[in-house]
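Here it is, the structure, as structure tokens.
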């Protein structure tokens, strides 16, 4: 059983060995730490950058233009907001040059709340990310997807934003959500986790063989089939929604749960198919409540499936306040909790044709 | 070395000042230790703070021209500034409140991490987590002060790694425009680390951070921030210049990081770093200004006091969930008030 | 008859004289140019800043915190994307300090397409702006609103983003859209427009008396009453929509046209009232099509007025491509044109209960 | 003055090089004049370009190690670089196409303003309007080149006012990290203006832009960019250093802005500025290398050529509206190709 952090580490290793990754860099990404969430421990091309997000993105663009394959990290998505112009620039490179250049960089960044990270380690970035033309945007909810989406990101000729749910860094996933053929938990930990005590200056990872698994962008995953309501979410809310579904099942509400995984492109076909079946849909994410990517999905449902709907499509999202407060009380009041999902789904399920 | 290093060893300050300084340093240290213990015991989610910077931050706080509004100093600090705040007169119990994110935390109402001070009545601008943004804001308060006249200045402080951020550059440039120079004291507390990343390899080989000031024509100093006498004297000198000339000055102070970066890296005591408090106590004892026993007794009593306080704080209520909606918008102007 | 650029200039003058404005600054904002669109000509507190948007926003925050009243300009909203972190910081100042500080700055910035500004002088900023908690966001479509909203912005204790439709800088508005008591066009031009030739180093504006007109934030304006379809828009699309309405009126489609003016807060009561009357609604703006503020409005309509609707609520927005191309063909294909509005409204009007 | 100014007067270059340089400068000037005329006549919405920078930009283009990929120089330019591109061999007619935003504009397909070049086969990175971002990207291409070895370098250029942007600082810092220095030639073409804003008052009183390089330990030069012989020699020297040492170098070149900022400010000829082309022609004529008549004839013939070309370009089709959807995403990797 692999954690999401380990899955990313393994994918980056495979990226270095087999798919041309030349630079994995950012603040504290190289030795000795290997990333504040250990995602980059032991990787041969990992290096520590200056504390400068603009320089990180700028240098990644330059590396990409020079035919390298950089994976740049922004330590927390909360600290990417001074680089939006550069992200836009990367997304415009192919288009503005009328197809002359492309800009194949990967930016990875931990995102979202759930770890009592207070104002600046709880931001969601999906609204900003999905408003960046020219970018692929993905966000896995389990180790298998983290691995397979990262490998696809590495091979992608366009800029990819790879977001990692902070709260799921150590999440090992459910049945079927592990990397095919990954060693058992204990073995893997011994092989690739850098021990936290002792002199580790000579430590090196022993990498297991893991396969080339490419999860295509724009393909959602149906986590649970159901008949009454469609729930479309991603990131850590897949895990939360799963619990909500179990609870609702006991009440007789049968939910179909879709993990989008990829936000740009997103799997409209999967959403449409499910909504045509259940006629009711709830979108869930933890971004701020105004100008939210989930609102785009609501709009598209209304645009294309209005006469299929038995209930107004809903979005459950984060509170439109300047930050997520540190106190547990505040965090829980600011981002959707299981009970919020249960309530919204239950209420949507009640609507009849 | 392109800089004139200051030799602090020679300057002796009046004994009562040294005693006061020592007491504040002890209080600062003990406060941070209490905060770390609270974190260890689960009474707080995250710790970050200033153990190892007391010898610099305490003198800084003592020298502040404290008050509200443009006639007084504005402080744009970062998350290691407890020594400065204590020296200005902050109640350490309020830091315990922020650590435990209680409803009574006066700095953020249980919203922000410990060390994120905000004291409008003393011109302490809200400390925020994003590194270095304070350097972009500092020219604004300084411009208001320049316009007002008088001796109030803007003090802005950040770490060494953070100087790589654009905002450090903005602070330098906006403070030193010809004919529009601003009364800003820029401070870099250089502990040679940014989380796990060493200074070495992230900066040029032959120059140092203070040299940046030279490129903007401002006076600079590289000082031993582990010696409070040096810090006091050098800060006095720098402040006097900024207050009088109404122009910027850049101080790079070499300091220690005695508990690592934060609780995220364990917050264990780092023996290899210089402990400014131990050093100062030795020096004062040798000069007969304090005794070992006196110092220990003070430390013990303050430790006990804060332990008791922490018990009370832990029992304080957490903020109500509905308070997330409070203070999203101001209903009147506060910053014009005196 | 006043232009929008003149209306802003007049409001800033009144702001300096009567409402405590201390600093009007930004790139080329001071003499000799007085702003690339002349909005700041002749103002006594106007000054030229370094070419550094981060420094501009940062300094404005500092000034605000020190009790000054800054109006900072970002020369084009296209160049604000490296300052989003600072904008967020300003919006969080009151909240993060639990009410200890407030941050009363105004940021003004020309925005939108319509002037063949190519990739970097055509961006819309509404999606980003409406996703900034703690900010007031306004965008006038005529001189009167520009004047009255700017005066409100100056008196506001919170950060205000004042967007100016680039394409309407010289627009003089329709009947009733002028500043009350403003001099006639020729007199005003002579008084406050800096002549473009000759030695103007000694030139000074002669300011007319204009009143204190405070247009409250969050109050929409019904530009045209109608029965069949509600159209909600703002900025230059008010002008375009007006033409579309006239055309549709000839076909017998009676449109109610609402100019939102203020995006945060926005006038939900006005929208709801109109939709309850017409049962059909089309939102229009020129921002990118994904994660768009108009989608928030669609969602809210669906949330609160689902059973009032005779037709799916629609959004007409800009193409989700990396920029607005320079060629007229490209610009017209990228941002909504009158014909696009007519088509969308006509189609919406057809839906029957 | 803290910098050693270079005295260009002494260096004489081979006559054939001077003749070639002169021809390119004339072509550059005539091209810009044609573009301005097109704008005046409504055949283009906006003009911006490099009249007044030919004496610097032409030598730069001549000295480029031209090609595709890490073995060759990468160019991160701004919107006044027509002289450089012409010297590298660009077809001026393509600039007319971009001016008229025709479908055949090879640099952007009718999408971008004139002067916004993009030539992947020559490592010319797309020029983009936001000031100074090229300085943040430059370390990336340079890092790839350092890794590759050889003599390819990264050349990055921007204006004086633009150095206030954070990205200039990022370029300095990321190019000069100890042990990780990068082969970057940083160039500031200082025309003393940013649109309407004078240099004076926006920069420090006693230092200049090139001093920034000193704070990062890199060699710097302040040169007369109005003299192509000086520019050629100084650029050769700087390039040689960067190619060999694989370390950064900062050149501040004083240049003219002969047509104001852009069409937005009228694009009229500014008589008070030094005209590098007129100066060079006088010098070459005095040395007997060219004649006044020969120069005029060349100018006339090139002017006629471009007038004819512009007529053809104006008749070219505009891009189809549907092309806005082209090239949003690449379907394969292009940048790895050689």
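Every chain is named by a letter (A, B, C and D) in the order it is written, and numbering of its residues begins at 1.
Heads up, the rule we're going with is that contacts are C-beta pairs under 8 Å (C-beta built on N, C-alpha and C of every residue); 3 or more make two chains touch, one makes a residue touch a chain.
From a predicted model like this one, the values you see are computed outputs, not experimental measurements.
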If you take the mean of the Cα atoms for each chain, which one ends up farthest from subunit A?
D
B-C or A-B: which has the larger count of contacting C-beta pairs?
B-C
Distance between the centres, which are taken as Cα means, of subunit C and subunit B, whole angstrom:
41
Once you find the CA centre of subunit A and the CA centre of subunit C, what distance in Å lies between them?
34
If you average the CA atoms of subunit B and of subunit D, how far apart do the two points sit, in angstrom?
45
Which positions in subunit A touch two or more other chains at once?
50, 52, 54-55, 79, 82, 85-86, 92, 95-96, 119, 133-134, 321-323
Could you list the positions in subunit B whose residues touch two or more of the other chains?
108-109, 111-112, 128, 130, 164, 166-167, 170, 173, 177, 201-202, 328
Counting only contacts in the complex, subunit B reaches subunit A at residues 45-46, 101-102, 108-113, 128-132, 161-162, 164-166, 194-197, 201-202, 264, 318-325, 328
Could you please specify the touching residues of subunit D with respect to subunit A in the complex?
69-70, 74, 105-109, 111-112, 116, 118-120, 125-126, 128, 130, 133, 135-145, 147, 154, 166-167, 170, 173-174, 177, 326-337
Touching residues of subunit C toward subunit B in the complex: what are they?
22-23, 50, 52, 54-55, 57-68, 70, 85-86, 89, 92-104, 133-134, 157-158
Contacting residues of subunit C [partner subunit A, same complex]:
54, 79, 81-86, 88, 91-92, 95-96, 119, 127-128, 130-131, 133-134, 264, 288, 290-296, 298-299, 302-303, 306, 312-315, 320-323
Which stretch or stretches of subunit C touch subunit D in the complex?
27-28, 30, 32-33, 36, 48-55, 78-79, 82, 116-121, 319, 321-323, 325-330, 332-334
